[in-house]
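In this document, chain identifiers A, B, C and D correspond to the written order of the chains, with residue numbering beginning at 1 in each.
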Amino acid sequence: MKEIRYIWGVKEAIYEEMEKDEQVVFIGEDVGSPGGSFGASKGLLETFGSERIIDTPISEAGIVGMAAGAAACGLRPIVEIMFMDFMTVCMDGIVNQIAKMRYMFGSRYSMPIVIRTPGGGGLNAGPQHSQCLEAWFAHVPGLKVVMPSTPYDVKGLLKSAIRDDNPVIVVENKSLHALKGEIPNDEYVVEIGKADIKKSGTDVTVVATSRMVHESLKASEKLSKQGIEIEVIDLRSISPWDKETVFNSVGKTHHLVIAHEAVKQCGIGAEISAVVAEEIMDELDAPIERVGAPFVPVPFNLEQVYLPDSENVVTAVEKTMERLF
Amino acid sequence: MTKLSKKTMILFYTQMIRIRKMEEKLMEVFANGEIPGFIHVCIGQEATPVAVCSQLNDSDYMANTHRGHGHALAKGIKPDMFMAELFGRSNGPCRGRAGSMHLADMNLGILGANGIVGGGIPIANGAAFASMYKKTDQVTVCFFGEGATDEGTFHEALNIASVMKLPIIFVCENNGWAEFTPQSVHMTIKDVSKRAASYKIPAKTVSNDFFEIYDAAAAFVKRARQGKGPSLLEVQSSRWHGHFVGDAQKYRDKKEIDTAMKSDCIANFKKYLFEKKILNKKINQKILTDIDQEIDAAVEFARTSPLPEASELMEELWA
Amino acid sequence: MKEIRYIWGVKEAIYEEMEKDEQVVFIGEDVGSPGGSFGASKGLLETFGSERIIDTPISEAGIVGMAAGAAACGLRPIVEIMFMDFMTVCMDGIVNQIAKMRYMFGSRYSMPIVIRTPGGGGLNAGPQHSQCLEAWFAHVPGLKVVMPSTPYDVKGLLKSAIRDDNPVIVVENKSLHALKGEIPNDEYVVEIGKADIKKSGTDVTVVATSRMVHESLKASEKLSKQGIEIEVIDLRSISPWDKETVFNSVGKTHHLVIAHEAVKQCGIGAEISAVVAEEIMDELDAPIERVGAPFVPVPFNLEQVYLPDSENVVTAVEKTMERLF
Amino acid sequence: MTKLSKKTMILFYTQMIRIRKMEEKLMEVFANGEIPGFIHVCIGQEATPVAVCSQLNDSDYMANTHRGHGHALAKGIKPDMFMAELFGRSNGPCRGRAGSMHLADMNLGILGANGIVGGGIPIANGAAFASMYKKTDQVTVCFFGEGATDEGTFHEALNIASVMKLPIIFVCENNGWAEFTPQSVHMTIKDVSKRAASYKIPAKTVSNDFFEIYDAAAAFVKRARQGKGPSLLEVQSSRWHGHFVGDAQKYRDKKEIDTAMKSDCIANFKKYLFEKKILNKKINQKILTDIDQEIDAAVEFARTSPLPEASELMEELWA
């Protein structure tokens, strides 16, 4: 085992897969000699050269479209979109082209594309650099969406994403980039679509994504002191998401809280809540609670107030415990 | 002017006729209600796809647009396969899921028509990048209309192609109309080829004359194949019919259409062939008859091809 | 009363509001002398001139951005985006700019913008001309989203949208454009955020949007014959949506079906299902059922199989009736 | 060269000094951790905002970018209000919700800095359209960097401005760098002004010399005010510091920075003023001292301004 930072997990995954497979190329703004705005490609240019580490103009739609064509012709591009908020300038490429090309062209070829992008707040970067838009992509058939929360998961999931023959959106969280964690020295991957129980418990299931996994773990410590043992499920993949793990846990705890950083309305939490209520309503001893950001843009100054945190998880857990039929 | 063998010229003529007759037949079967959705025909513009695609090998790539029948046929799709796709049949190259507006066939390097104006231009770059990366001598041709050059993707893609020196030829078929809007309403320049200077890309504007297009395309394709980078070819083309089949063109001056029809790229080519004695009435008649038969057979093939099973809907979203 | 088509309702709303308020302008592709791809602006150029009916290049991002600036400087632009699928090429303008400008600039001015766009299938127009993406916009704080289903509603809601000092996305459905319906001769508006009970009933609440309202009404006829009386609520606005009307109905029927044309995952149905399950779970006598499109792109050929219809509503209603606690 | 009164020239000099000293102070307080988020300073580029905005009235509009402090100050924002916003205080023009990267003040025609590269360009068109529509003689100035001209929005917006003949001046501050990437990596042309030809928009490239910029801007603003349509002004500017404060510019040749610093737009202007005896040491010292005081006061104002209440978060999303 070794301890690395989250962003190094990203880099190691790219590095290892590029070494293994010549068809993998990495495309983005400032990803060459600068090594990327968050350092994900530091040193990669030196190893793989400018043919495989491609520094582009500020033209996200152009980049994503190029990745689409390259994938259709046999390459396996990884695209970095510097901030998730910038996905708004290349939605056509992602949604109308990449997500649909395989299916609409008769399922005759594959579209192995990874789009990596950091979302979320934490840098006081304001309304146009802090959004969590993953639910949009989960609403689009033909895209897989993962949201790793630890160095271990990001490395393993990114490697799976690169090997996947389908388009995968990999959503990082800026505030996790510096997070340290252990990973094996040997090669490993994390399967897309599998959740991970980050802490087991018996009283309340907390399904969390990305940064909110850590907030839920923090909440867990506080709640433990009150005698409440929550089970923290790190969803890891939001499309497809791991119904089995969630259902098993709810079947045990009979209480569910869902926590993400995105606003609640039409977020992935709504989907999970809906599916649980539809399919295993009888298992619930109390209404499901969702934790998410308030329904306003992310303000530059009040980010700390804005961001959902462990306190919100504690409150939601307590609320769902209030009532026992 | 490039020297072409008689045989080759007859072949090009045949290809142009095939496209026109195919479009005419499509208008007919569409009016019958046999084809769902909407279709955009390229009658009046046949010279460009044939002149440009004749420079290409099967392994070269081509990306095109909603007005894409001519390009697909010129790039080598068989009429029966083509028709089956437009009829939405399971044996079409896209299993009937694409239809006219998204027809693709990677076996022939056809990257796909596109329902999004400007959507295909960055994708074409990707194909060009892939072949450059693999160090093949493949080139990519990307067709679009003058309307598409107002989209941001046109700009981004040409800049990227220039920076990366991609082996790609951008071909703008300027037919003067974007849906129901004439060029003068949506841009202040006349020659779209001027836009290439923003990226230091060589460019040329040619008329709808087959040989002009052919020569310009040949030079640009050669350039790309030699690794000298992208280029932009603009053809001053003309759209005879409505934006889509069924559009009565009420917004358009009859005289303008008449003028366009008078300088028919096919008629001009035919006249040349007759003058040069490459073509005569008899051969011409045979060509027309053969193509009619071929097209009728394609329609019949499509009609009798299996409709998709409902169960196909959910098949193979994922690779 | 008079009978008009849905698309005429659109035009009448624009016409009346443009007559009343000089600040209203109409911007889009082919909207001038051609009168719009679906005829929404037929004749408007003649009345209002090319200064107010603005035909643009094919540059959706440019158009939407222009509307943003114009609204910030006192105009009230209505933008037509020809197909909802094309919203993908102008998401930045809508999401990062229009939705946020008021709030992020200190709530000191208003952003009266309407973006009208037809979504949904019905024309066999294939994967890039048939999508229902309204949930994306409901996920964005700062946007209102309405989905009128009748000539009456579209006229009234569009008028409200034009008068609203906030950005409103008006989602039409192409297959409804030709629909006829009665509207008053006199002026009226329909309030944004209010649902409408299109048919009352006692057994099952069916919350539907847009075209699925009509499918639900069709289902209602079939179900009536089986002795099941559904209450069909036309949500009309999806952000904000009318919790009160939905809750009242569920409080009466204790059964809920939600029907929309978009795919279920992360659709607006997930949100409604989640909110109902969270806030009034005790009212439910059976799990909520959602009706939505299958999780694949809209194929050119199998559109009829793809589109959810009255049969799906019937099945969902029957399923939710199977179980009575 | 335009004739300017001594008083005016002193004013311009003062404005440039204010911007530079403000940026220097910001680097200091940012390093202290007093300003959240990140900030982009425009040291080295001060001539452009001052020369351009001096052509404008309060009622004229201006849209700018992440590197927007200079533009906002030149367009008339008071240092204390400016600083309060950057400190995230409730009494800032945007209640502290915008900060550096989105600062706007519609009372001064400041449409807003923008966190999205290229995001502000179409918005500026909208302001220009509004004033044209209302038949005022307002003009709009839109600032952006050379990196932004690779975005599709640049292309779409310039085309629209041309077609609509909007009263707008596009000003590209070409500082040679987009984040950590030099111009040559992301475009193959040198003069961004060449891109205006795609839209038949008059354009000019000038050096970082105040008077050159001033004269070109004056002509273009006059043109716009007379209803003659849009124009593009490119300034060959230079960025002395990192992309954001804290960026150590390891990717950049020291010599290049030294060269840039040697042709300092402010030093050159000052030299001219000294030579022409418009400025002397005494006046200069007073200007510097006054501005230091003004800036200190602004920082003090911001520091002592109220932090937002948590309850403000949910206030007034809707009008």
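A few points about this structure:
By our rule, a contact is a pair of C-beta atoms (placed from the backbone, for glycine too) under 8 Å apart; a residue touches a chain by one contact, two chains touch by 3 or more.
What you see is a predicted model; the values in this text were computed from it and never measured.
Fewest steps needed to get from chain B to chain C, stepping only to touching chains, is 1. Distance between Cα centroids is largest for the pairing of chain A with B.
Chain C and chain D have Cα centroids separated by 41 Å. Averaging Cα coordinates per chain places chain A and chain D 37 Å apart.
If you average the CA atoms of chain A and of chain C, the two centres end up 30 Å from each other. Work out the mean CA point of chain B and of chain D, and you get 46 Å between them.
Across the assembly, chain A contributes residues 56-57, 59, 61-62, 85-86, 88-89, 92, 96, 103-104, 126-128, 141-142, 295-297, 299-300 that each touch 2 or more other chains.
For chain D, the set of residues that touch two or more other chains comprises 95-98, 102, 114-116, 119, 150-153, 156, 159, 163, 185-187, 317. Taken as a graph of touching chains, this assembly is fully connected, with contact between every pair of chains. Note for the complex: chain A touches chain B at residues 25, 51, 54, 56-57, 59, 61-75, 77, 92-93, 96-97, 101-112, 141-142, 165-166.
Those residues of chain A lying in contact with chain D across their complex are 29-30, 32-34, 37, 55-59, 61-62, 85-86, 88-89, 123-129, 294-297, 299-303, 305-306. Put simply, chain D touches chain C in their complex at residues 61, 63, 92-98, 102, 104, 106, 111-112, 114-116, 119, 121-131, 133-134, 152-153, 156-157, 159-160, 163-164, 315-319. Chain D meets chain A in the complex at residues 36-38, 88-89, 95-99, 101-102, 114-119, 147-148, 150-153, 178-181, 185-187, 251, 307-308, 310, 312-314, 317. The touching residues of chain D, when paired with chain B in their complex, are 150-156, 159, 162-163, 185-189, 194-195, 197-200.
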